[in-house]
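Should a chain be cited, it is by its letter among A, B and C, assigned in written order, with residues numbered from 1 in that chain.
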Amino acid sequence: MSSEKIDVRYVAKLARIALTDDEVERFGAQLGDLLEHVQALAELDVDAVPATAQVVESRNVQRVDAVRPTLDRETVLAQAPQRQGPFFRVPRIIAEAE
Amino acid sequence: MSETVSATAASITREVNAGRRSARDVTDAMLAHVDAVDDRVGAYLTRLHDLARAHADKVDARIAAGEKLPLAGVPLAVKDNMCLTGTRTTCASKILEHWVAPYTNTAVARMLEAGAIPIGKTNMDEFAMGSSCENSALGVTRNPYDLGCVPGGSSGGSAAAVAANQAAIGLGSDTGGSIREPAAFCNLVGFKPTYGRISRYGLIAFASSLDQIGPFTRTVEDTALAYDVMAGHDPMDSTSIDRAVESTADHLRTDLRGLKVGLVREFDTEGLGSDIHAVYKKAYADLEALGAEIVDVALPSAKYGLATYYLIAPAECSSNLARFDGVRYGLRVDANDVTAMYEATRSAGFGPEVKRRILIGTYALSSGYYDAYYVRAQKARTLIAKDFEKAFASCDLIACPAASSAAFPFNSKSDPYSMYLMDYYTIPMSLAGLPAISVPCGWVKVSAESAPMPMGLQLTSPIFTERMLLGAAHAYEQATKHAGLRGPAVGAA
Amino acid sequence: MQYEAVIGIECHVELKTKSKMFCGCPNEFGGEPNTQVCPVCLALPGALPVVNEVAITHMIRSGLAFDAEIPAFSKFDRKNYFYPDMPKDYQISQFDMPLTQGGVVKYWLEDGSIKECRLTRIHLEEDTGKSSHAGSGDGRIAGSTHSLVDFNRAGVPLMECVSEPDIRSAKEAVGYLESLKRTFVMLGVSDVKMEEGSLRCDANVSIRPIGQAEYGTKTEIKNMNSFRSVERAIESEIARQTEILESGGRIIQETRGWDEIHGTTHSMRSKEQAHDYRYFPDPDLVPMEVSRDLVEQIRGSQPEMPWKRFERYRGEYHFNVLQATQLLDDAALATYFDATVAASKNPQQSLNFVLGDLSRLANESNVAMQDSKVTPAGLAELIGLVEGKTINSKIAKDLLERMWQNGESPKAIVEREGLAQTSDTGAIEKFVDDVLAANPSVVAEYKAGKVTVAGFLVGQVMKASQGKANPGMVQDLVKKKLA
């Protein structure tokens, strides 16, 4: 584990959160602090340890392929920040997906 | 105010089922009490007068038709991260401030079907991230035992509601201690069942592999009643466990004979101060006096719990909270293009703690850091779970503190990490998915002039042993009766 | 210098299921916007996914069709990136443990040769919703002022087939895609309708001097909406790259969009920011352990694969490439044909009817052959009557029309109406004598040397016999009498 400085602007870009310069500095320091504490994990010898993504041991939880009721469109669109007719409307999308 | 509002769920349901009181009567009294005290406590973000009365009338009709309901007329406070059709569900966040859920969380639905009455939706740390309720963007919740102190968090609103007799049962969610710590702070029983035992469908996710719903009550018996109603498989949640539930309410015990209780070598309480140390020494002695054999157990990896948790939970939350993007619902801050809209919306909609956790989680998953942080934390999680497995080879239960201190004054934890430390004793069980309960275990004075504040004893046990765990908690509660020593400063019946 | 192309294809195929991948909303194309949505596929707060079991068996079926490995353990991961038509702002996909790994796609070219392209993997994921871009005049994203989003498609099960770079030409690319399409339709795992977007593909294209082992710099081509456009786009891209290299330039690694109207690819470079998808195991879903029993059960119920049928049609039945391809391009047609052959033991006659009169009837009436009243067994019966010379081809044609109308057994009709061909010399001789007597001038013409008029006379005899006379015998007799 490295203790290099966290690139807050890059991370905020990935997370789609706009930060002011002040926030970049404050969060940078706080996240740096936290990462210091997290360094403790570096002491652990975990090479042979399996990773736990989940504590439940269930496998193959699946449902039957059957249609269930859908939501009413007006109920759904009533909560849209902006709608146009039957669609959700969003500002222009620049170029392709990330 | 009548003693109705301080009645336990067990006594209310008994009275209502017997036709001696109507659910409507219980509900009206409760709504009046809430209207009288909650301006000072701030437990509720939304009061549901009309819905509560409608449910009460429905319950009365069912009782009149001869039905018996496990929670007939029991006033229920619901943490505002659980969906309830037609009600505002905010997660105490600006980003969801006006969102109305079009569907209902499974646990809430089971409680209502069992006859519970939804009194309102309660305050919380925004998106359940915090240990004091101070991270709510929508309101301040005060500790009913000392209005100058926090109620704990993240489920602080439900804890405060039950502590101030504004509900008999409060629903909370616990990711790293968010039920157990506020229960300890508010003189309540707070229970986090085995991960997967209660459906998460309709619980707004913080960290999916850790989140678990559970009740706040004033007695272990009420906890057992609520648990028996909510527990069980839900086909809408893939992580919900399809395994028969052992009922608990009919297996509460009054002694601990034949049980081995482990005390964790690494959780020595001397460092918490002499008053707190004395409370826990007494508590452990009481367990022994009840017939338990006390054994020494080791959890050598537990000290890595915080570091592990503060990588895994933020990593999951960074992804879980991506959906709050201003497209389909919730807040939108307009901008010229969609990316700028996302950034402006999420910047305005999330508070600082949520942003911190999204950023650290995004970082921990990002290219080049994934193995060093996220995967390493997952492996540490394995070690912690293995520690518990080993410990439970020599004991049935483990006893330890529920929080590092009693409730503290507002604004007293300025740096994030000191707040994170509050969950030092609760996080390891969350990482291992274990059932864990906090039961009132005594009172401490933080300073000479302050009022005594409650402390909580945490008991934990292997997965799916809720029956034994609640039974033991009941024995301890009945033998010690710490909770009844003092009443709340606000909301007393 | 001579160059060769190196092409790999990534193909997204929507699976045919009743409901979506992780929720119970209908998986149907063409519904009114935002009507096939629920808390799960709209990513409402608190909603959770549950895996559709049929999508999993479709994946195993697809993998086995190409002899892929079906690992015993598989899981879902989250691929994190923001896009307005992706409700959760992450896509549930598979990163390092896909449901199928490896495998080989066999396909054929117009000359009948069988080619192979290795698969890297097929993994399962969910589709996004659809954005339509407004304000640019032409519906394109460039220059648009806003977009409108429909989430009906969000959460539809999608498999991504990733090939190794084994393809060497645009024609091979199309052959590969056609083979995927035939296979998936035959398996019933997808409708594969490119016009409805249920198959979408990207191609990675590079070129290198023939004989060189290392790959050249590749470009990724997007926006190809039909097999024809795949062919054109790859050809255009190969030509573009060749021109650059021949003039001493360098290929830039980039994404290029195919422009159907201008017939060229253009750079889609935006910010050249590296993708950082932050894959991690989805904690809302549990892992899958694919039992060997299930794999074997599915393996045992697989139909014969298109390339194997192709070899059979060519090798055993001696059909030409076009005929074999025509049959195999319509899975139902091939199945109908195989059933007919199984009953009739006569591949050539089966082919004639299936691609000929029966296809015509199906087209005219707009009823699919397999849904018509003519069953493969009925058709085989008809073929048997022709084969045994009980009826001639003219009557067979009429009978088929009647079978199409009412589904009657051809044998029953023949018996009831006495349609069996007659080979009774006496009876036929009588018809011949009558016709010759009635047409003295034609007989005279014949005798004057115009032998072609015999055909007219034969026709008259057939007509007089109501088509029942054995045509060979009629011919012989007419010639004999005129001699």
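In the analysis below, a residue touches a chain if its C-beta (ideal position, glycine included) is under 8 Å from a C-beta of that chain, and two chains touch if they have at least 3 such contacts.
Note that the structure is a prediction, hence the values are computed from the model and not measured.
Two chain pairs, A-B and A-C, are compared here, and A-B has more C-beta pairs in contact (counted per touch definition above).
If each chain is reduced to the average of its C-alpha atoms, the one that sits nearest the average of all protein C-alpha atoms is A.
With every chain reduced to the mean of its CA atoms, the largest distance from chain B is reached by C. Per-chain CA centroids place chain B at a distance of 56 Å from chain C. If each chain is reduced to the centroid of its CA atoms, chain A and chain B end up 24 Å from each other. If you average the CA atoms of chain A and of chain C, the two centres end up 40 Å from each other. Shared contact sites, meaning residues of chain A that touch two or more other chains, fall at 14, 16, 53-54, 56, 58, 61, 63, 71, 76, 88, 90-94.
In chain B, the residues that reach two or more other chains under the touch definition are 99, 102, 209, 235, 238-239, 318, 322, 325, 327-329, 338-339, 342, 362, 366. Counting partners per residue, chain C has 39, 42, 50-51, 82, 84, 147, 149, 151, 276, 278, 280, 283, 285-286 as the residues that reach two or more other chains.
The touching residues of chain A, when paired with chain B in their complex, are 1-2, 6, 8, 10-12, 14-19, 23, 27, 30-31, 33-35, 37-42, 44, 46, 49-56, 58, 61, 63, 71, 75-76, 79-82, 88, 90-94. Residues of chain B touching chain A in their complex: 99-100, 102, 195-196, 209, 235, 238-239, 241-242, 301, 303-304, 306-308, 310-311, 318, 322, 325-332, 334-344, 346-347, 350, 355-356, 358-360, 362-363, 366, 372-373, 375-383, 385, 415-417, 431-433, 463.
Remark: chain C residues 17-19, 23-26, 32-39, 42, 50-56, 81-84, 131-133, 135, 141-142, 144-151, 222, 255, 268, 270-271, 273, 275-276, 278, 280-281, 283, 285-289 touch chain A in the complex.
Chain A contributes residues 14, 16, 53-54, 56, 58-71, 73, 76-77, 84-98 to its touches with chain C in the complex.
Residue ranges of chain C in contact with chain B, taken from their complex: 39, 42-51, 78, 80, 82, 84, 87-90, 147, 149, 151, 274, 276, 278-280, 283-286.
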